[in-house]
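Next come two complexes built around chain A: one with chain B, the other with chain C.
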Partner chain A sequence: MSTFILAQQNTSITAALFYLFAAIATLSALAVAVSRNIVRTAVYLLFTLGSVAGLYFLLASEFLAAVQLVVYAGGTLILIVFGIMLTSRSPFSRYQPSRVEVYVAMAIGAILLFALIIGVQTGASSGAFGSSPPLTEQTYPVDRLGQALLGDYLVPFEIVSVLLLVMMIGAAYLAKARRRDASAQDATRARR
Partner chain B sequence: MLLAFIDTTIALPHYLTLAAILFVCGLITILTKRNAIGILIGVELVLNAANINLVAFEHFSHGGADGAPAFAGQVFALFVIVLAAAEAAVALAIFLNFYNNFASVDVEKARKLKG
Partner chain C sequence: MAGSATFFEHVLLGRSSEDVSPIVSVLYSMAIVLVLYLPFVALLAMIAIWGERKVAGHMQCRPGPNRVGPFGLLQSLADGSKLVMKEDLIPRDADHILFRLAPYLTFVPVFVALVAMPFGPDLAFLRNLNSGLFLILAMLSVEILGVIVAGWASNNKWSIYGAMREACQMVSYEIPLGLSLLIGVMCAGTLNVLDMGFEQGGGLHTWLVFRNPFVFLAFFVYFIASLASNKRAPFDLPESESELVGGYHTEYSGMRWAFFFFAEYAAMFVVGGVQTALFLGGWNDPFGLIGYYHHQFMQDPASHTAGLIVLNVIAAAVFIAKASTIILVQMWLRWTLPRPRIDQVLYTCVKVLLPLACAILLGAAIWQLFVPARTGLPWAHYNPFRWNDLVAGASVLGVLVQLLLAFVGLAILLAIVMWIAHAAATAKTVRKRISEPAPIQLGVTPGT
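Presenting the complex of A and B:
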């Protein structure tokens, strides 16, 4: 919180922190796209998630940054690493895409990046984003966020809780080890 | 073109450009990875880029018109994080089933519905 107040009073610290987090996020995202080892891809994703959480801190959304670190980096990414562990064949197995696919993907990515940056610049120069004044005291108190979650956004909150229940049941059923079916099939095959 | 953005005051276009770069990196990851979990990691990158957009728009629009309900961007991003976790869990359960049937998570092996 003190870092945020300090950053808001001193825009050069804000800019330095933004460029630091943006550089880490960009380099990690590029490493995710380029890396051929799936474990290293997951680690680079971890760096990306951490720097995005730092960006949320700069945007004064401290609760969202904490949720990003705890749920995304500390939950979803751990789940992905467990999935990598359970589905790995050999430590050196690498799946290489064909060259044509890589070139087509880079072309699509370059065109999309160009279009998005042109769009951002057009919006910024034409004033569609508003005057965007430097906000000095924009804070988001967590208790007001909690009241909004249980007030204005109560219906999506309840729907998400039901969805999480359904997801847990579905994922637990789908990931259940099915050894008995395989042994029953082997037994019927041997009987024939 | 990008050099025009480098200055001391960080405004909305900076965050939008960063989110665009992350989105394109996630898209390239989805398109070029043959490991199914690599594709899932690309989807997580795309969702993070969208979250940055949501929170940045909310933060930089409170000086302007206040027609939107309070905390709209943050709550939206919160639900996106929750749904991304749910989707990763179900996707990994499906990948585990795929691995049980094909002994690898190479998406090139998923050809049984082809033709």
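Presenting the complex of A and C:
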């Protein structure tokens, strides 16, 4: 309770919570792919992202879990839902994928899953996933994160900031109100 | 601080967390949440709704609820019973899964944020939550989705308008909210809500809001941004549709509607609690006595158990009182200020609060670089009545600014209290003047 149940401790509670979060994540992701109602897929995606945040909690990195919630659940997902609501023609528009699309998607999904499983098995057996030093009851101290960002990883940090600035400028330009043609402007001015 | 054992474990269980099996620890945590935090939220919502109606009433020169119980205190109980017994109505064309889900999507994140609040030096649910404040911010972001889903699932034009406006407003105001919190965190040096409280334990002038003139300004920026984030006071456009229709909760009735309002009042408390924890000294009293005695007791916790319990209860009372004062100010603003349009609301966010927050951030960074301020240490470490002790470890300018800001803060508080006292004292004459206007004299125009 006052200490996190860390993954390194390998207790049965950790295992139970891991299986719970993993189950919710996979079932929600499956629901996202299978569901026909667009807005419901967004809500199932919320559950997926939330369970991934839960998995981050189990790994004692609650800063990353909070970032996941703020950026994905509180930002990206809201954007997706806005996009759906502003562009859908009816409240309950349903997906109608053709059969070929479904088979191709299933095939690609199976190939990727196969590759992922093989990769994890190879990595686990060869010890490429080395164990990080076990965390004490303190979770990851956030000031070390800040020092790393502004110390060892300064260049990627600055590049990411420039990238975000470019995206903001692009979004502001795309969302700028277009000028109407001169006649409409004169008409409105005359009316005032 | 007390290692890994918090008040709940050490005092009530009688042992530290190392010799408790994880299953028992988890069950114990769940029991604490069910028995302490959930009733607290329910009671808070009940009392806050009663307070809102009373404040609204007295500000409109009428008594508010006064029939059900003394001073109308049982009104919320009566309302609760009514809501529970109402018919569970779901529109036929609504998306019934999302319609049912939305109240919980709104309430649960706010409840999680409330569980993370530091009610006392040993009363935090998790001692080592090193990014507690950020987690609270994350939870307030997830709440937005509940509102959007509620508006969408109702299959109702007014609900969707209300939901979209609300989402737009809450998402935009997250930026000044986060920036002003960042200024406070920069001053405190930690995201851990318990450590913030210990940092401010040395008396009134060590509270973060008085540490730095820029943090003082950031407090007000945060207050305004938090009003918008809560859909409160002048920014209640999502609820303003309730003058016409209900906004995102139009189609909800009974307990589902009650959940939205639990979420709203719990969010008000969370936001007030964050302001208290970060800016207003958390659970510390203005004299630093709680910090002092906690430090003394923690030298030997086993023999001071009763003292620790009493201290924590007092600290929790202080915290709740401060957060409630902020809730009261929010209610006061709601019934005073008119409501701006949505474009005015967004203008305020992007063109006023955001540049202001950025400028304050720059100023705070520069100030902190050059002027070390007095941090909070309990009286065990220094005697505040001796000038050398007071200034030790900080610069004279820093300490003088802190004391000046503390004086300004006290003056503001005194002004508010005296204003309310004056209003209460002259209430009778005002009511008399309003209800019995001067007799009309024929042939005489007013003003001559």
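FYI, the second predicted complex is superposed on the first by the 145 of 192 C-alpha atoms of A that agree within 3 Å, B and C clash if a C-alpha of one lies under 4 Å from a C-alpha of the other, contacts with A are read in each partner's own complex, and residues count from 1 in each chain.
Here is the rule we use: a residue touches a chain if its C-beta (ideal position, glycine included) is under 8 Å from a C-beta of that chain, and two chains touch if they have at least 3 such contacts.
Everything numeric in this text was worked out from a predicted model, so none of it was measured.
For the composite obtained by overlaying on chain A, chain B and chain C can both be accommodated side by side without a clash. When the two complexes are overlaid on their common chain A, residue A:116 makes contact with chain B while staying clear of chain C. Judged by the touch definition given at the top, the superposed model places A:85 against chain C, while chain B stays out of reach. Of the two partner chains, both chain B and chain C are touched by A:63. Residue contacts after overlaying the shared chain place A:124 against chain B, while chain C stays out of touching range.
When both complexes are overlaid on chain A, the residue A:12 reaches chain B and chain C alike. Counted by residues of chain A touched, the larger count belongs to B, out of chain B and chain C.
Contact with chain B, but none with chain C, is seen for A:30 once the two complexes are overlaid on the shared chain. For the pair chain B and chain C, the least inter-chain C-alpha distance in the overlaid model is 13 Å.
Annotation: chain A residues 11-12, 14, 63, 67, 75, 82, 138, 140 touch chain B in one complex and chain C in the other. Every residue of chain C that touches chain A in the complex is listed here, in rising order: 4-6, 8-9, 17, 22-23, 25-26, 28-29, 32, 95, 97-98, 101, 105, 125-131, 134-135, 137-139, 141-142, 144-145, 148-149, 152-153, 155, 160, 164, 167, 171, 174, 189-191. Listing the residues of chain B that touch chain A in their complex gives 1-2, 4, 7-18, 20-29, 31-38, 40-42, 44-45, 48, 51-52, 55-56, 59-65, 69-71, 74-75, 77-79, 81-86, 88-90, 92-97, 99-100, 103-106, 108.
Contacts from chain A toward chain C in the complex involve residues 1-5, 9, 11-14, 37, 39-40, 43, 46, 50, 62-63, 65-67, 69-70, 73-75, 77-78, 81-82, 85, 91-92, 137-143. The part of chain A that touches chain B in the complex is made up of residues 11-12, 14-15, 18, 22, 25-26, 29-30, 32-33, 38, 41-42, 45, 48-49, 52, 55-56, 58-61, 63-64, 67-68, 71-72, 75-76, 79-80, 82-84, 86-87, 89, 93, 95-97, 101-102, 104-106, 108-110, 112-113, 116-117, 120-121, 123-124, 129-135, 138, 140, 144-145, 148-149, 152-153, 156, 160, 163-164, 167-168, 170-172, 174-175, 177-178.
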